């Protein structure tokens, strides 16, 4: 099965955050590919990756980077596919503000679909919701995922109401 | 033609920003609908809107709001379609930071595809890029749109190189 | 005794902060209820909770959440009872700024009585001061609580003045 | 009729913001008083005001100030009534951040119910919701106020759907 | 010898920071007093302290507090002596921003001489420089203190130049 | 009469802010001098100014600058007199944050008594309070100044209570 | 004469800021070229520009951009010449913070020499100081430029000391 | 061989950051000197250092400091050589913001080439790129350094593609 989602990151150190996107896509049953592409260290590789994505059947690109994070925006400049940006709170980032602003504040014409700081999992979910808008089977799974979120909160609420917060705090 | 993109905003005062999304979709030839839905003032209307979007054929929802902006996130909670959030620098916003953070920083499980502050046009482009990932005709138009952006910069560069910056500054 | 204060939180992980509100109400002798209600994961449960609060005899709702924290504001949209919001510095929050701004900066018409970051105890005190404005017995207890705060500082001052700061620092 | 809400501000220049609280209370039919009390320029007046509020029948105090805004917190230190704080973006404030943080971030034991920057009207609404939690007549009026908010958005939505956004933007 | 500098803090937890002011004054030979005075928990004690300071021979007051830090500003409101404010990064502070802004941004008429975050030692030095402007003996000691700072850097530089940075890093 | 306070600023464009310090000192009757000294453009002039201040009889230096504002801190490095720093929101400043942080956050050993952004008048008052701590005549005038602040607020309060806020807002 | 400095900007709207760099280089007598190169709209043009700069004799590249400003960092990725970045406070920038952070916070290996917000002139001066480090004639002119800065401040000081600040403020 | 780059820092505690600049210059083969020079504690030493740098053959000065970091800017005021500033996140810094702003936001006429927070290595690379613009041998080494960066990312990508992210995460 051809990958529908391409997951890339600026540095291998972003992997713990970005792996959560892959994990979600795997669970929901969407084929993906994952690799390292650096805007600053491998610009040609970035151009090749973004330029060939559509013809390789990719529908959505998920790109994560930290600090002055140029990868998501540059990839969005190089393809007309939707690009999801994950601001990573990397070791050289100032509490994540630089990562967020350099991904979010793209100029008119070149949007990046930015998710929360370190939001690798949410990037995977967003990519899946895009696929799910067009593939009914995935759409149904996404609805089921939402139901699962609800049930987990309801269980948590039931438990806290039954046992009382003092008991729960001990855990 | 059924609308494929739903554009909503928390208040009519957000219209100048959000109309740019509609304008782009119109130009690119994607059917859309546009209305006012307030998370805080019309919660039931929001629930109805988000709950029925998929069955009405909507593929992407674009939601804009300012200040403590809950509309995009709440809509994302109420549908499994992709939701694009536009932080609006409304009159009650603190330089836009509240709008951005209350849309971007969604908890795990409920992503919002956030674009730049007042990025109504970019939201329209992002929505179109999603449609264009699945509809080849739109995909081609998006590629042409990118080419247009490039050509406009090249013209601007040619002009500045030919006439010199002193001449250009006079304009 | 019917609960007069409803304490809710967006996630069980907020419990250590929110339990301090419950603890204070217990000490001051005000009946309360405490449970988990998520704006994003259980929207219908939130609507039911907020919609029935007044008729169930609730006078004040205390709601805590972190990141893009929509629970306090959405509950304030769904009831005309006073709602106290507790910004929680949750694991996905950017130093608490997102939590604060998405609770505090509510639009005109839908206020949330926001307390300090992680101010669970202060939320309990504020709820008690509201009850105490109408129930003289609680009002007297609140005055006594204030006296207690004063006495504790006076004791601390007396000790530091008597023993000297060098001695105190050793502790 | 004795005033139930006391509205104070640190400087007459805060009046345009704080008058909106008075305006709302007048419309909803709650008696109030309004005056200038400065923590820094009239500390004794502040102590007298806060100290006598409860016995004068005041149920809620609304206090607004800007910059290093100490009035709301100091009043909260001097009474056990609920105190609503309005951060004012005064001429000497840094985009309102100082006003917000010096009102919101009160230490444990002394909460201030903080509303949005320049949120005078919201402070009035919050005060009314407190009164309305105990006076059924006011409670009903607050419900009606909420209904009014909803209807206004619905009208706005109907108009924009009927006339189209292009027509609306012309206005 | 009568104390010339009064050191106060809002909470005993501020002692590690504020003790550095006392330590410096002791070394330079200026009599001081040190105690706990809380603006929010012991307002009357604060008024008494500030009101009697001048007649007790105090020349400068050093006041430290964290979060919504009102002590320095309120003391400055209650005396016409110079007041030095120390923003403390207390446990409830948001990275110190609230402490800084609520001490620094005082309205016109009521200045507080603010030093750096957690700058207890600098507050002591500043107090000593004020005394030293009027007492030549202290002035000379302050000059000697400056010389000491210089010599310490020169020694450090000599060592690093002689041994090389690789050797120094090993330490 | 020899000047007791030296007022300096990094650029003539800071004069509107810094003149307020001079104005206050004139009113309170303290001799001062005022000139332009730039840390970055006239470093030697700065060294001469700071180095000779004590022997010229100066008791306090007031230094204002904007952006990366080094003048107050460098002057404090070059004299052991107390130095008051005024962060100026100059045309090249980012909302004043750079001015504030580069004056306030001085390293251990070299304090600057920082006042509020654009707080020229407060710098003058603080300088006068230092002089007033040692010169009883000035001390009495400072007390009278405080009384004047109080009376002005009391008049404002009396007027608003008498005429009502609606009347006052019309002005 | 071959250009030694290349000045580029992401959009023609950055010209008023970037022209100041050109203006300075012209005055100091360093040949330069100036054009528009957009990272997001003309990525290939950017690659060609940066890739050929060294062989065309360019010694320093000055690149300005606003918002999520990727041009300076991407150019620095594509050449090993020194790159000076000018954060521009463009219309879509959040008070310049996005421009600054996305230029300044480059990852290890790819520095950008960042100057102040809108610091076009300073970028020109920095470029000239680099040239001046290797070309003695330019070095002497840079020293003369510094002398000019000093003399201008001294004149301003002389005037203010002679005429008094009241006279100067009238201007 | 005469040093071509001068590395200075405000305090020995900055050495771990600044040593990375020295390390890089050593690897690339550029002679340098490294010592401690404090703007605030050894102003005369700073003046001597900066004033003699050009005649001693220095081409670039790299200066690092934290908090209210005046060293880079003051050195830039005292020489017309290019000065690279390294904002250090020292123990007294507020998350690095003070260090960054007091180095970056220099007034017109006195630029500092600012690199990322704690960017000691990048400062070394930037200094080397300046040298490399004029010395072809260094220029070639800088190109090779860039190639090395690229190869390292390509290896990392190859490994992650081959082994899969699950295997890589285990490491």
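Letters are used for the chains, namely A, B, C, D, E, F, G and H, taken in the order the chains are written, and counting of residues starts over at 1 for each.
To be clear about the criterion, contacts are C-beta pairs under 8 Å (C-beta built on N, C-alpha and C of every residue); 3 or more make two chains touch, one makes a residue touch a chain.
Since the model is a prediction, treat every value here as computed from it, not as a measurement.
Chemist: According to the touch definition, list the chains common to the neighbour sets of chain E and chain F.
Modeler: Of all the chains present, those in contact with both chain E and chain F are D, H.
Chemist: Does D-E or E-H have the larger number of C-beta pairs in contact?
Modeler: Result: the pair with more contacts is D-E.
Chemist: Chain H and chain F are one sequence twice: same or different residues at the contact, by the over-half rule?
Modeler: Same: when the shared numbers are divided by all numbers used, the fraction is over half.
Chemist: Taking the mean of the C-alpha atoms as each chain's centre, how many Å separate chain D from chain F?
Modeler: Roughly 34 Å, centre to centre.
Chemist: Averaged over CA atoms, how far is the centre of chain C from the centre of chain D? Could you give it in whole Å?
Modeler: Each chain reduced to its C-alpha mean, chain C and chain D end up 19 Å apart.
Chemist: Any idea how many Å lie between the Cα centroids of chain E and chain G?
Modeler: Chain centroid spacing, chain E to chain G, equals 41 Å.
Chemist: By residue number and range, which residues of chain B touch two or more other chains?
Modeler: Within chain B, the residues that touch at least two other chains are 11, 40-41, 67-68, 92, 94-95, 97, 100, 104-110, 116-117, 119, 149.
Chemist: Any two chains that touch count here, so list every such pair.
Modeler: Those chain pairs satisfying the definition are A-B, A-C, A-G, A-H, B-C, B-D, B-G, C-D, C-E, D-E, D-F, E-F, E-H, F-G, F-H, G-H.
Chemist: In the complex formed with chain G, which residues of chain A make contact?
Modeler: 10-11, 39-41, 43, 47, 66-70, 73-74, 76-78, 90, 92-94, 97-98, 101-110
Chemist: Can you name the residues of chain B that touch chain G in the complex?
Modeler: 95-97, 100, 116-119, 149-150, 152-154, 156-157, 160-161, 165-166, 168-169
Chemist: Give the list of chain D residues in touch with chain F in this complex.
Modeler: 11-12, 15-16, 18-19, 22, 34-38, 40-42, 45, 67-68, 92, 94-95
Chemist: Which of the residues in chain B come into contact with chain A in the complex?
Modeler: Residues 54, 59-60, 80-82, 84, 100, 104-117, 119, 121-123, 125-126, 129-130, 132-134, 139, 142-143, 145-146, 149.
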